[in-house]
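Below are two complexes that have chain A in common, paired first with chain B and then with chain C.
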Partner chain A sequence: MMERSLLQRSLPALAISLLIAGTIFLAFVEVGFGEAKVDEKDSVSNRYIANGTEETGSSNLVTSVVVNYRGFDTLGEVTVLFLAATGVGALISMLPDDKKKRKGPAPSLIMAYGGAVTIPLIALFGVYVFLHGHLSPGGGFQGGVIIATAFLLFLIIRPDRSTPHGALSLFESLAGLSFVGLGLIGLAVSGIFLDNVIAGFGNLGDLVSGGLLPLIYIAIGVKVGSELSGVVHSMRGDAP
Partner chain B sequence: MNSAMFLAIALLMFIIMIALAVASVRSKDLIIAAILLAGVSLIASFAFVLMRAPDVAMAEASIGSALTAIIMVYAIKRTKRFEDDDNGGGHQ
Partner chain C sequence: MNGHELVFYGGIMALLAVGIWAVLSRRNLIKAIMGLAIIETAVNLLLVAVGYVSGRSAPIVGGDTGIGSSPVGGVVDPVPQALVLTAIVISLATTALALVAAIGYYKHTGTLDLKSFSYGRTDEKEVRK
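The block that comes next holds the complex of A and B.
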C-alpha cells in the first residue's frame, strides 16, 4: 500500500526525467561520433600549440585552452561544482543542528596566532594565482581553492565566530553571472559564445593582456573560492 | 637533474604513497586514516611537479591535502571516530 503511493508520487518526476533524456538523445542521435579520420598534422592539439599564443594573447598555453578554446567546457565544470555545493548545503541543512557537538576545544595559542599571521598571506597568494592565470601556472580554479583553504583556517582558529554565509552566496552568484555575461559579450560582438573579442589587448606577458581571459579567470576564482568555502562551512554544521 | 636521480626520487615517492595508502586502509582510527590520505595527496602533488604539471600540482595540494581531509574530519565528527571490530564490539 505504502509502496504504491510512493510510486504514484514519483510518476511526474519519472515522466520529466524521461522527457529530458529523450530530448538529449534526439539532440545527439544525428551526430556521428568518431567518423572523420584526422591527420596527425592537422590534429587539434598541434593547432593549439602552433597558434594558441597569438590567437588568445595568453602566454600560458593551458589557460588559452581551458578558458578560450574550451571555455564552454569550463562553464560546464563550474556548473557541476555549483550543483555539488548546492547539494551539500541542501543535504546538511536537513540534519538536526546540535550546537553542543560542534563546539570543540578552543585552538591552542600557537594555532590561533600562527593562523592569524598566515591567513592573509594565503588569501593574497590565492588572488595572485588567479590574477596571473594567463602568465604563470595556476588559474581561477587553483586560486579559488587556495582562498577556500584560507577560509578553512579561519573557521579552525575562530570556531565561535559567525561567518558571512549570505555574502558568500552573493559573491558566488555575482561571479557566475559575470562569467556568463563575459561569454555573452563574445556572442554579441562576433557571434561566438565566450569568444575572446579583444585578444590582442596589451603586450604578451604583461599583467594587463590576454583580452577577456584574466577577467574570466577572476570570475572563476571568486566563484570557486566562495563555493568551496560554502561547502566547508556547511560541512562544519552551522548553516542558517 | 639526470635521469637516474629522477627515477630514484620518483620511485621513492611512489613507495611512500603506496605505504601511506595501505596504512590508511588498515587504520581503525578514521581521523588518522583521513590524515594519511592527505599525505598521499601531498606526495602526489610533488610527483605532479616532477612531471612538469604545476597547474595540477597546485589543485592537488590544496584540494587533496587540505579541503578533502578537513571535510572528511567534519563528517567523522558527525558520526563516530573508530571503526568497529570484526566481532561487532565498537570502541567509541
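The block that comes next holds the complex of A and C.
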C-alpha cells in the first residue's frame, strides 16, 4: 500500500521533470556547445576581453566585469545578501523557544584537535582567495564563504563557547561602508560612481595592481565572511 | 548534435530533472529545498557551459599567469561566468531563507511534511516517508 502510493506520487512528477528537461535540452542543442556565439567586433563580451585589462588593471576578466563594469550590480548583490542575513536573524528570533535546551553530541577528540589545527589554515586560505581575486579564480564572495566555513567548524568543535556576535556586526557594517566609500571616490574624482580611478596603478599580474579592485574585493570578502558567519550563528538558534 | 552537446547539456538536464522531480514528489520540506538547490546548480552549470568556446582558456590574461597570453580570441566569454557568480550568491540567500522558514514550520507544527499544508497535521508514521 505504501509502495503503491509512493509510486503514484512519483510517476507524474517524473514525467513532468523529464518533459521540462527534455524541452530545454532540445533548445540548447540548437545553440550548440563550444561554438563562439557572438564574434561581432562590437559585442559587449569582446569589448570586455579586448579592453578589460587596460581599463581595469585586473588579470581576471571575470573580476573586471563583476567589480568594475558591473560594480553597481555587485553592490546590489551584497545588499541582497545583507537582506537575507537580516531576514534569517529576524525570522529565527521570532520563533518560539524550545522548552528543553537540545545539546548536540560533544565533538570527538579527532574532530576537536583536527578542527583546532585546520581552522586557522581555512581562514588563511579564505583571505588568500579574496586578496588574489583580481589575479586568480576566486574573489570576495568565494573567500568570504571559505571564512564562514572556518566559523562553522569553530561552532561545531566548541558548541558551548560564546561567539563574538557584536564584532561580526561591526566588521559587516564597516566593510559595507568601505565598499560604498570606495565607490564615492570615483564619484568625487571622475563623476562616475564606483569608477576605478587608479586602474593603471601597479603592473598587470602583480598582487598590488588593479587600482581599487582589490580594495573593493577585500571589503566584499570581509562583508560576506562576517555576514555568512552571522547566518550560521543565528541558525544555531538558542545562542546569546 | 555531436557528442559534446549530448554529454554536457544532457548531464545538466539530467541534474535539472532530478531537481524538479525532487521538488514535485518529495513530501519532506528539507528534501524539497534540496531539490531547489539542485535546480539552481543545474542552471548555473548551463550558463557556464553556454559561455564555453572550444579551445580557449579561462578569462585570465596577462602578467606571469602564463595562460591566455593573447587576450582577444584566446579566452572564453567572461560575462556568463560573472552572471553565475551573482546567481550563486542569490541562490545561497534564497536557500538560507527557505531553510529558516522550514525550521519555523517545524517549530510551529512539529512536522516537515508538505501534506500538512493542506490537510492539517498528519500522524507521526506518515511523516517519515
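Simple rule for what comes next: the second predicted complex is superposed on the first by the 192 of 240 C-alpha atoms of A that agree within 3 Å, B and C clash if a C-alpha of one lies under 4 Å from a C-alpha of the other, contacts with A are read in each partner's own complex, and residues count from 1 in each chain.
Going forward, a residue touches a chain if its C-beta (ideal position, glycine included) is under 8 Å from a C-beta of that chain, and two chains touch if they have at least 3 such contacts.
What you see is a predicted model; the values in this text were computed from it and never measured.
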First (chain B), second (chain C), both or neither touched by A:A167: neither
Chain B versus chain C as contact partner of A:V231, first or second or both or neither: both
Contacts of A:A112 with chain B and chain C, given as first, second, both or neither: neither
Partner chain in contact with A:V62 - chain B first, chain C second, else both or neither: both
Which superposed partner A:T149 touches (first chain B, second chain C, both, neither): first
Touching partner for A:F141 - first (chain B), second (chain C), both, neither: both
Residue contacts with chain A in the superposition, chain B compared against chain C: C
Which of chain B and chain C A:F28 touches, first, second, both or neither: second
Where chain A meets both chain C and chain B, residue numbers: 62, 95, 137, 139, 141, 145, 231, 235
Residue ranges of chain C touching chain A (in the complex, touch as defined): 1-2, 4-5, 8-10, 13-14, 16-21, 24-25, 27, 46, 49-50, 52-54, 58-65, 71-72, 75, 77-79, 81-82, 85-86, 88-90, 92-94, 96-97, 99-101, 103-104, 107-108, 129
Residues on chain A engaged by chain C in the complex (per definition of touch): 2, 6, 9-10, 12-14, 16-18, 20-22, 24-25, 28-29, 31-38, 44-46, 48-50, 52-53, 59-62, 64-66, 70, 73-74, 77, 80-81, 83-85, 87-88, 91-92, 94-96, 98, 135-137, 139, 141, 145, 203-206, 231, 235
Residue ranges of chain A in contact with chain B within the complex: 62, 95, 101-102, 129, 137-139, 141-142, 145-146, 148-149, 152, 156, 228, 231-232, 235-237
For the chain B and chain A complex, residues of the former touching the latter: 54-55, 58-59, 62-63, 66-67, 70-71, 74-75, 77-78
